[in-house]
Amino acid sequence: MTRFAVTRAIEGLIVLLLMSFVVYGLIGLMPGDPIDLMIASNPKLTTADGQRLRALYGLDRPILERYLNWLTAAVQGDFGYSRAFARPVLELVGPRLVNTLVLLITALAVALIVGLGAGLYAALHPRSWIDDLIGYLSFISISTPTFWLALLLIMLFAVVLGVLPASGMPVGADTGLAERLRHLILPVATLSLASAGGYTRYMRAAMIETLGQDFIRTARSKGASEMRIVLRHGLRNALIPVITVIALDFGALFSGALITETMFAYPGMGKAIYDAIMANDFNLALVTLLFATLTTLAGNFAADLGYAWLDPRISLAAGRAGT
Amino acid sequence: MNGAPLLSVEGLVKHFPVQRSLFRLGRGTVVRAVDGVSFELRAGETLALVGETGCGKTTVARAAAMLHRPTAGRVRFRGQDMTRLRRRGLKAARRHIGLIFQDPLSSLNPRLSVARIIAEPLVIHGIGSSRDRRERALELAAAVGIAIGDLDRHPHAFSGGQCQRIAIARALACDPALVIADEPVSSLDASIQSQVLNLMIDMKERRGLSYLFITHDIGVADAIADRVAVMYAGRIVEFGGRDEVFHHPVHPYTRALLDAVPQLGGGRGTAVSEPGEPPSATSLPSGCPYHPRCPKAQALCKEAIPELTSPGAKGATLAACHFPD
Amino acid sequence: MRSRAGRLLPGGVLVLLAALALCAPIYEAAWGIDPNGVDLSQRYGQPSFTHPLGTDELGRDLVARLLRGGRVSLSVGLVAALMATAIGTVIGLLAGYFGGKLDAFLMRLTDSVIALPLLPLLIVLAAVDLTKLGVPAAIAQSEDVSLYRIVIITGLASWTTVARLVRGETLALREREFVLAAIGQGAGSLRVMFVHIFPNALTPIIVAATLSVGNVILFESVLSFLGLGIQPPIASWGNMLTHAQETIWSAPALAIYPGVLILIVVANCNLLGDRLRDSLDPRSAGR
Amino acid sequence: MTSVGMLLEVQGLEVTFPTTRGLLKAVDGVSYSIAAGQTLGVVGESGCGKSVAALAILGLLPPPGAVTAGQVLFAGADLVRLDPGALRRLRGDRLAMIFQDPLAALNPVVPIGDQVGETLVIHHQVAPSLARKEAAALLRRVGISDPDRRIAEYPHQLSGGMRQRAVIAMALACRPALLFADEPTTALDVTVQAQILDLLDGLRADTGMAMQFISHNLAVVSRLADEVVVMYAGRIVEKAPTNELFRHPAHPYTQALIDTVPVKGRRPRGSPPMKLPSIPGQVADMRTVRTGCGFAARCPQAAYDCRAAEPPLRESGKNHWVACFRAAT
Amino acid sequence: MRRFPAPTAFVATGIILVVVGLLLGQTQPRLSKSQDQLVIGMSQFPATMNPNIEAMAAKSFVLDMAHRPFTAFDTKWQLICMLCVELPTVENGLAKLVDLPADQIQAPKTAGTGVCTPVHDKGITLTYTIQPQATWGDGTPVTTDDVLFTWQVGRDERSGVSDLEPYRRITKIEVKDRKTFTMHVNKLTFDYAGINDFLLLPAHIERANFAEPTEYKRRTAYDTDPTNPGLYFGPYRVTQVVPGSHIALEQNPTWWGAKPHFKRIVVRVIENTAALEANLLSGSVDYVAGELGFQFDEALAFQKRFGSRFDVIFKPGLVYEHIDLNLDNPILADKRVRQALLFGADREAISQQLFEGKQPVAHSFVSPLDWVATTDIPRYSHDPAKAAALLDAAGWKMGPDGIRMNAAGERLGFELMTTAGNRTRELVEQVLQSQWRRIGIDIIIKNEPARVFFGQTVRERKFSAMAMFAWISSPENVPRSTLHSSEIPTAANNFAGQNNTGFKNALADELIDCIEVEFNREKRRALWQRIQALYAEELPVVPLYYRADPFVFPKWLTGVEPTGHQYSTTLWIENWKVR
């Protein structure tokens, strides 16, 4: 277990290191630089000003040198300074990470409850009209562009019915928990709907597959009730493949969060990444991307733990679970 | 039964690593599938490799066909060391070796027609024109008893027995000297097994083949073998002529194996069961691998691995036992 | 829905839509419409005989725009899915066939790519300056460059599923006896991979490709939403939908038609993929 | 054919599966009975309907298979018409079944002890912790050493033989009156097979339960069975006490099975490999509609009447039944 | 087999969605209002709150509620004092012309043509007095100490201040007392009194942070402690900053002017304008600022749909949309072709039909609202026949495929570039493409992200023919940087200047030099007329229209007066009230 965690931590570090290099390089390939952006927004700036500012921000150095400088500082805990928000990057990332985790975890929980529940129900009542309905809804859910869904939800619930706020974060005087939760409903609904459809389908398929296994026949031959067969013998086995796909979905969930946060003006990591890239804010883009990666890696790690907990055949001590 | 051996296996060892990880250092667990196997197969004879699941007989067969690169040891085919051959040389050698596998359906490419399957070795070795190959396929199909009208159908249209006939035709396409057959009749129904065995015996007689015949079924081995090698836990424990091994076994395991086979119409209690099960190839016991189950085991058996030697006066039979019968 | 025809109905819907998109010039000729013909006196026109679904914000015929947009969206989906499938197939075949360190490396790579928050990375990719990469300016600055860029980017985003799938399939097939037989007969690696393994892995590959067509179309719309998709004046459903958001209250039809078309196409791709899998999977064939 | 004092009586059992190519009669009017404490061997090649019949009796047919005719009397009740709940209460308690592949038959994520004890939990409302203790005792009984450690282990940690022992322990937990053993040794090696056969026979003798032993291997069946039923293409072609069957096989198919199966000792010592007797043709395709005897196409003795009508099962000797026009009576 | 929902079900869903969507479009949104709090919606988040680091509209918008410049243009485009007491003029003696020392005199860059005689050897001194009650939010009075500190920071190139020029032209500041100071400026211009960009920093807080000038941009309290009341002296002070989400402001007790109405102002940033609109409709946002709010098209549609509930004001102003023509392009070097472009474009139709007349057609670079604007210049109304004649005359004959060709067989075609993602520009672009194609000119649209477009393409003159964008200026802004021949960006001058068209005209150069130093309004107006006429004749650009910012108010909000120039409405936030 410890060995597994250490191995994964090392792997994670390598992935992060590679990511940081790739992202840094990619950002370097983006057209223009932050100073161009300043020049674009303030026509009075001269080229001489541009050069002075470039030197000030260290942008006149070759990309590799800048990367190594950044890396050296990062290793010492200084992840740089966000130009677009004029704050040290870490200071900005902290609250946003919390916001995103709140959104992600809530949405994941909702998606899991709804998706797995619906998938389970459908698997136990194959070819019933409810199964058809669930299948149909899950197809709709995976086929709708997230931003469009968000817009439709906002139109319906915020504008026409006026029952829910159109944005994800309260800004008025009342920012208490209840208000916070009320604001979370639509973003969470958007994000979880986008994932729940997929989970439903995985769950249904896995459960039907499991129910066709020999050991289910054994359980029946023992006289176990349907309830016992499903809960005691089916569910845990069916969850094993489902966990794997869900783990693979973390990246997609994060991508969904980016869209959701943008639509609901929710100050989270996804939006920060997008803003930072759009504003050529090197350091912020880099660090937010790394944190996003770290989040998904952590999610994957959690999924592996869950996987090992569900499946006794997987021994964490022996290294990564084969798939 | 004379001349240089067609196939000789010397000190064959094959270990499989259990886990592989990109970032892992050090050594993982190892499956010791084959742990020092040597034998010779003479031209024109059928050598049956007999043993239970996991004893390494299939690994030996595949290593002999160079489907696995041996961890150690030599495989000489017609005097040539196959383990040293690179791509081209290996390909040339393979032309003279035919292969037959256990699962009749799985051993045929479901996407190809039967004619293509039979002609595939000819295509690989660039033998003949496409018309020649077609003719050759027809000829082979007729020889193994597949109707010519069926040649353009795909494997799923055939029963297990027919599939195995097709597999035999394919194995014979390049006129091999040696056919390695891995459990060729095990997954066939009882009434079909004898058809396929008969076909193989027939082909051997007509084409002067040699068989390395792998089976777990004593009855099948008894029917076809000239000589028999009994394997246990990655090693040959007894090796000799079919009559000697099956009728005068000297190794306690061979004896137990033969006793365990139920006899037709034998009635209750005719077969004798010994306690215990074969060891796992990841954790072999010290000394003679059979000693935990052996009724005659002594202190020496726990310590020293017995060599495969001739146990005194018994003539041609070799056994790997400290205390043979 | 028990007939074979019924099973492939989603494919029919897709083919129909593709055919309609291909028929855009015929429609335009029949109605005498120029799809790019701006007519400022006809902005936000109501449906009429001359404009069956009305006109858009520049007075262009909406049907013609939707058909032209469909051509772009569908071809982007198709081409990018093919590209992703090709990449994924090669990687999956190599990893599954050769195994060992190569497999470990390729699969670690694939897993890492899957685990990454892909959209943000694609945003970076979508913003990369092609001339800095040494792409000739003539290509980097052509009007269609956003189209190529989207195809490549979405292709890069979608190969992982195929790679995992093909690798799994290859691993299974690699142990199948007909593959061993081919190797044992002396067939070379390429021959084994492409004559014996690839054709037998084809059905799951086709299923994966079908599914990724839908995903690519969704991806294009999301990138359009972020302003990084296909750029005007080329129309795609994604950018039509994005642009129509701003006038969604006064001209909801402009947002709803492309949105619904995306939904229908993606849903039918998913459905088709599912049904193909069902009908090709021997375990469910009898049911 | 009905007789008194039988534990299980199967009469005219018919099982059909609807397929895309029409109805498949997997079991076609099969009748037999088992007395308490007796072992009935059922022999036949793959697809002959021997396993399906057992599953049908226990109500475990995979959908869309269904019993379309016949009755199964067990302890006075007709299992075919019993309501599902009542049948469920019998299963695992009075009727038990073990399957071919012990690894697949065991739930990979539940500890052995819990699985073995589960029958007790289900039928006797034993607390799970007690059931686990009971499971240890059962495991010891089927010859698993160190059962207290084993109950916490998972199926993948056991060897093949131990798994099958665990499956047997599981089936025996409630001391069933009748055990269906469906090819229980086919996946095992001969040395282990011999152990398991010994174990089953011993347990049967100890507990007095009856057993229906299904196998494709005549020799294995002959080790255990008091009486043997030979099935071909969904029908019983011959039924006789074990010794009688091997000594005087009446049906050409039974004769062929006995003659053609490669058995050690058939080939004389010192002789070169020689051809075995064999029957031509392939195993019957159940999906094609046929008239007459299912074996007629492969039978060396078949005549016109064999293809025209189905030979009825008739008594050819004492307790010896055969379905063949050519068989001597 | 399983009955999955038929694909027809998806089509049916689509139809239902269409119907529901169309119905949704018919419903009326709900509105709510709060008396104490005003939530303003905006589409950009300010990068920093420091007045001098990085100029961006979003920051000015927020900061102008909490901070004031010395001088500004009011809504009537007159220069007024905000933080000062009286504007210095030569007449009131607060401004004095002085001779420059020899080393500070800059020689004229162009040879005179005799239109006027530009003055180069004079400087000016300006005396300002700070509002006596002006006090930072923590009670510290605003004094000349702050002025000196700000000047120190402003001219230090290590400080991170983006625009040093306003501070650098000050050669000396003499402190008269705690509230009065005199600054010496080494460049004489007619608009000498305006020091709009001299934005005060609180010396008592920031001096410590400036101890290490290179670190200042990271240590400034505006970013490290943005809710410190001592940073602000306006009617409001910033009380909460949630990066990427919102900024909250509350009334500043030390404010000397009229007491503002709202207790609390929240500036909510929602980049996606469709979401911004939904927030407005749902009442989460009360007001969408024109400075950084809706896209024009969106606002027009909004007005049509919700005009009964919201006031939408389109304030035309100084923002001048045009297409820069690259005069180095041999085809465009021909004036007839440039004129033909104008005759061929139906700008009136664009203005009337696309903008419903809200954004007037531009005929020169000077807004008609500016007092120096003139109508006495050549105008080009839509006249395709004239355009065709001009093109024919220039040697471009109509080809078989509807595109003109010259004798050498070259096709008449241009690349039209602009900022990607700007809806209005993209629409205009497509209209122009369609209109110009009708007179035989092939237009290829190629757009780039704003930072590339401005940062490289325009600045380094990399556009081959046409670049569409806007100039943002202040009232009576001299077009030196855009029209003077010394301002053509080249690799040699490190791409300094904004004369991106490459316009070279000796008369224009001289007129610019003269206007800058002509103190006499009437004489200046005459010079302005000449340069506008010259511009309209030479056509280095295709003038398009003057932009109008859409301000969307709830009916209950009053007192917001859009200015039309680049200074924010929030400079007068104390006038904002609930009706």
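Here the chain labels run A, B, C, D and E in written order, and each chain numbers its own residues starting at 1.
Please note the rule applied: a residue touches a chain if its C-beta (ideal position, glycine included) is under 8 Å from a C-beta of that chain, and two chains touch if they have at least 3 such contacts.
The structure displayed is predicted, hence computed values, not measured ones.
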{"item": "Lowest number of touching-chain links that must be crossed from chain B to chain D", "value": "1"}
{"item": "Chain whose average C-alpha position is farthest from chain C's own", "value": "D"}
{"item": "CA centroid of chain A to CA centroid of chain B, Å", "value": "53"}
{"item": "Distance between the centres, which are taken as Cα means, of chain C and chain B, whole angstrom", "value": "49"}
{"item": "Where chain D and chain E are represented by their mean Cα positions, the distance between them in whole Å", "value": "90"}
{"item": "Junction residues of chain B - those touching two or more other chains", "value": "21"}
{"item": "Residues of chain D whose C-beta touches two or more other chains", "value": "none"}
{"item": "Residue list for chain C, restricted to those that touch at least two other chains", "value": "108, 127, 129, 245, 248, 255, 259, 263, 267, 271"}
{"item": "Residue numbers on chain B that touch chain D, as the complex places them", "value": "46, 52-53, 159, 161-162, 185, 189-195, 197-198, 201-202, 204, 216-220, 222-226, 243, 246-247, 256-275, 277-278, 280"}
{"item": "Chain A-touching residues of chain E, taken from the complex the two chains share", "value": "2-5, 9-10, 13, 21, 24, 27, 29-30, 34, 37, 39, 45, 47-50, 53-57, 157-158, 160, 162-165, 214, 217-218, 220, 222-224, 242-246, 248, 264, 266, 268-272, 274-275, 278-279, 281-284, 448-456, 459, 471-472, 481, 489, 493-498"}
{"item": "Chain C-facing residues of chain E, complex", "value": "1-8, 10-11, 13-15, 17-18, 21-22, 24-25, 272-274, 277, 281, 294-295, 297-298, 301-302, 304-306, 349-350, 353-354, 420-421, 423, 426-427, 429-431, 433-435, 444-447, 449, 452"}
{"item": "Interfacial residue positions of chain B with respect to chain C in the complex", "value": "20-22, 62, 65-67, 87, 90-92, 94-95, 97, 99, 101-103, 106-111, 117, 120-121, 124-125, 167, 170, 174, 180"}
{"item": "Complex contact set, residues of chain A against chain E", "value": "31-33, 35-49, 51-53, 56, 81, 83-88, 92, 95-96, 126-127, 131-133, 135-136, 139-140, 143, 150-152, 154-156, 158-160, 162, 165-167, 169, 171-173, 262-267, 271-272, 275, 279-280"}
